[in-house]
Amino acid sequence: MRWFDDFFERGVRGVARRTSRRSALTRIGRLLVGSAFVLPVLPFDRIARTAEAAQKKSPPGETSCDYWRYCALDGYLCACCGGSASTCPPGTEASKVSWIGTCHNPHDGKDYLVSYNDCCGKGSCGRCLCNTNEGERPAYRMGLHNDINWCMANTDSTMFHCTTSVVVGLAEKS
Amino acid sequence: MSTWRRGPAIALAVATLASGGSWADVAIEQVTTAKLAPATPHRVYVTDVAISHIVDGRVHVVDGDSLKYLGMIASAYAGQTTLSQDGREFYVATTYYSRLSRGERTDVVDIYDTATLAQVGEIPIPPKHAQALNYKGILRTTRDGRFLLVQNATPATSVSVVDLKARKFVAEIPTPGCWTVIPSQSAPQRFAALCGDGSLLVVTLDGDGRQAKMARSAKFFDPDDDPLFVQSENLGDEHLFVSFKGKVYSADLSQETPRFGSPWSLVTPAEAKKNWRPGGYQPIAVHRGTHRLFVTMHPNGKEGSHKDPAQEIWVFDFDSKARIQRVKGANAVSISASQDDKPLLFALDGKNMGLVVFEAANKLVQKRRLDPLAETAFLLETQP
Amino acid sequence: MSTWRRGPAIALAVATLASGGSWADVAIEQVTTAKLAPATPHRVYVTDVAISHIVDGRVHVVDGDSLKYLGMIASAYAGQTTLSQDGREFYVATTYYSRLSRGERTDVVDIYDTATLAQVGEIPIPPKHAQALNYKGILRTTRDGRFLLVQNATPATSVSVVDLKARKFVAEIPTPGCWTVIPSQSAPQRFAALCGDGSLLVVTLDGDGRQAKMARSAKFFDPDDDPLFVQSENLGDEHLFVSFKGKVYSADLSQETPRFGSPWSLVTPAEAKKNWRPGGYQPIAVHRGTHRLFVTMHPNGKEGSHKDPAQEIWVFDFDSKARIQRVKGANAVSISASQDDKPLLFALDGKNMGLVVFEAANKLVQKRRLDPLAETAFLLETQP
Amino acid sequence: MRWFDDFFERGVRGVARRTSRRSALTRIGRLLVGSAFVLPVLPFDRIARTAEAAQKKSPPGETSCDYWRYCALDGYLCACCGGSASTCPPGTEASKVSWIGTCHNPHDGKDYLVSYNDCCGKGSCGRCLCNTNEGERPAYRMGLHNDINWCMANTDSTMFHCTTSVVVGLAEKS
């Protein structure tokens, strides 16, 4: 919830100015909207995808660090660990807090707010480590920081397993 | 910079967002935990001792058809693993220290639900479980699923009996000089162990899991001239072993006194001359429906080569003892076959720790591989 | 096969062997534990979060002259590390779970003796320590060595004060919106922190380690336009920072109110056009004796490149602000200099996690490297 | 102590027969002789050694899996971890029990008994993993087995760090 507080409490002053002057209100996204549409878990096959990517030059998929919504991610892709871009692997729990990035979707030309929730409760997944840092900031801007364990606020276990990239809203120009 | 205020911020957020969700072109998401498709007989559990971080071992769960990585189960410090008889639970006998690598030692059996890969319980056991590389037979359930048998080493050897129904440790049975647990398939409370003098130890439990009887067979293999690999596979209640030099031994556990089959050789005299030998950590697999035996073989075997990766996998008809196929070995150090009627043979490539999948319904044919899967894995188990 | 008999066997053995030791041609040995040579200023501690097994982080201790690997210290789960002021102790603030990755959480400061690399004590702390990649400033001691300051994140930020003399946790000081610990070198109980609004927070402790005063400076850097890296290095009580775009900021902590130096640029306008920028996790080092500043630089910098490995290491004279050398960067993501009069500059190669050693007494010259040393290390600290 | 008991209790029956019919008594070595000569810790520099080996074709040193006394070792060489072939790294403790190998020393043409003591109390060293198995046997011959943690009998901690290879006696022909 930290990044969330940051938006409300530092709001336009701090974080908002950083990420290209977009509307702080929109940026808050729909993280807490219970009825939000949940993307289905995509079938995942690293080998097939890699082969496919090499042959067809198709855009990077959810098991590639170059996938558009992974622009500010530092961790293991949950899509390689039994989850997907937006779901935690079986037996793990999504982090209660997260950091936020703003990523450009080349398919529709729009910028989206992405909540990077870690998945918690099992040891490091160890598969598909990515380290991208667009808009990432040191921990004095905690809600934009990716070098800290975002499982830190979970009560069952703060153990870091992997990282999801959850689209939480459109980053409208302010 | 304001202070951290958890409650008010959340309340405000929910109010603000109540009407959200309609502006974006990409679907707005909410993070959830993935659900697993029901397990099939082609699901495989690969136990990885992760020796460079041995305190943090793990089990990789993979679908053998799609090669999708389904998830992970913690095996922790040199934890031993096995599936329940019905495949619904996965057991890990392991050690935890209060300070990671020091402090107070606690040994438990962790219970995982194979439908969710979530830990659902633990059973404390004596702090003696074998902290060993993963070999089949170090942790097994009895055929009726009632008891879990945990190989101990202090280094004195014994077996801890855990009542899976009552969820508690019951008894410790000394098995001096013997190793592994080989559960009888017809007498649920009987198990055997291989002994260093070449005999088989046969233990019978009472209804509560305590030792009722114990007997030693005559010597049935020569641990000096031609030791047996400890892994066994069963066809009914006939349990198969291979020796370092490539002989097949069998022991029938359906009676109180084991009956041993006549050893036969996997290799012709010419092949023996070239020192073709079994090698690896889990060098044999069987498909029970078709009575086929798979063995990981390497040429130029010698003293010390018994863990070498396979150059070939050999396929035998167990009834006729005839070799029916030789295929390239994929550097296999461990193999395991699914038991359905479209069986897959899984092999762990010992050189790069990839998982190699063969179709095994008719001819054995390598179909796909996942590289790398593990760090230092030695044990494969397929979903029943 | 007989049972295990510990006592008698040993007694018998000693009796039998009393006259032994004279037959062998190779010296007969007895296993012992190696003793370390006394630490020199060229000993370096490399903290490795080992992200693929993050519960099992470790610190590699290496002699920078011989490149001998001296030993390992456990940093456990995202543990933070620092040496004592006199270099005799090494502190690790870390988290332990009762079941490796779940169960009961315990945070402690582990104390290691740098003469033996043995753990010699632990101090419980609130379960809030920052589980973060290793950055200098997340764990520091006060200049007099009395207190250890532990950065917390829940994610609300605070600092836990540990009394190293009394070996106990004393107080938690809220530092909302601020990060890292920057100890004053002239006023032992004063420390500062960088804040997200561009100000510096200055905290003064009382004699018992409790908060006596707290003040916020005016904004001295622009966290939106040109954020500061959190790492600081000191020349006396002047603390240096670099910004993402290559400016040097400084704050003098010798007074109650910090005095800020005029920012100056590491890059010429031409270099700025090519976007030469600092990058990495520990991008600066100083040699205090010669007032030299070392910075890890990469060209073509852009949004998101602030952790990129160095293409060059630049050397500046801090007094004249003049660049005195450019050398190849060894892909450095973290650097640290010894403070003796034959200084070495240590660099961590971010691409292969090797340790690269430069002689830095006169011209900076790369001399040797140890590849690979670590898995995913970000922090270097040299023996005082 | 397990292998030790093995010698005494299975003695000539079991273990002794395996290792080329050498005298069990001699094989017991001088493990417990307190006054035994202790080799000095050799200076160790992986880089230098590797370079040296490549140039001079000198025999494998104590940081190479091919070093003669490592003939039945499965683990990390303590010589790469801050110790040496026969000393544990600082801050670790030698295992109280061990397995035993018989290795041929090409320099004097003799066979030696080698006690493979693990060093205990810190997590895996992770450097110089070797897996040699001459004379290694399954765990029903426990004293000759190397796929088990020989720190298992230590009381402070059974955590496996690395493996030493301690020459404990001459393997005389029986």
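For clarity, chains are labelled A, B, C and D in written order, and residue numbers in each chain start from 1.
FYI, a contact is a pair of C-beta atoms (placed from the backbone, for glycine too) under 8 Å apart; a residue touches a chain by one contact, two chains touch by 3 or more.
Predicted model only: the values in this text are computed from it and were never measured.
Visitor: Smallest number of touch links from chain A to reach chain D?
Guide: 2
Visitor: When you check each chain against chain B and chain C, which touch both of them?
Guide: A, D
Visitor: Round to the nearest whole Å and give the separation of the Cα centres of chain C and chain D.
Guide: Centre-to-centre distance between chain C and chain D: 36 Å.
Visitor: If you average the CA atoms of chain A and of chain C, how far apart do the two points sit, in angstrom?
Guide: 29
Visitor: Multi-chain contacts only, two chains or more: what residues does chain C have there?
Guide: Counting only residues that touch two or more other chains, chain C contributes 1-2, 4, 52-53, 55-56, 74, 77, 100-103, 119, 154-157, 177-178, 195-197.
Visitor: What positions in chain A touch 2 or more of the other chains?
Guide: In chain A, residues 1-2, 10, 14, 122-124, 126 touch at least two other chains, as defined above.
Visitor: So in the complex, which bits of chain B are touching chain A?
Guide: 1-2, 4-6, 9-10, 12-14, 16-18, 20-21, 23-36, 56, 58, 61, 66-74, 112, 116-119, 368-371, 375
Visitor: Can you list the chain B residues touching chain D in their complex?
Guide: Per the touch definition, chain B meets chain D at residues 51-55, 77-78, 95, 97, 100-103, 105, 130-133, 135, 153-157, 177-180, 193-197, 223-224, 227-230, 281, 303-307.
Visitor: Going by the contact rule set out above, which residues of chain C touch chain B in the complex?
Guide: Its residues touching chain B are 1-4, 50, 52-53, 55-56, 74, 76-77, 96, 98-103, 106, 108, 110, 119, 122, 154-157, 174, 176-178, 195-197, 199.
Visitor: Which chain A residues qualify as touching chain B in the complex?
Guide: 1-2, 4-5, 8-10, 14, 25-26, 28-39, 41, 43-48, 80-84, 86-94, 105, 108, 110, 112, 115, 117, 119, 122-127, 161, 164, 166-170, 172
Visitor: Using the touch definition up top, name the residues of chain D that touch chain B in the complex.
Guide: Per the touch definition, chain D meets chain B at residues 1-2, 10, 13-14, 17-18, 71-72, 97, 121-124, 126, 129, 131-142, 147-153, 156-160.
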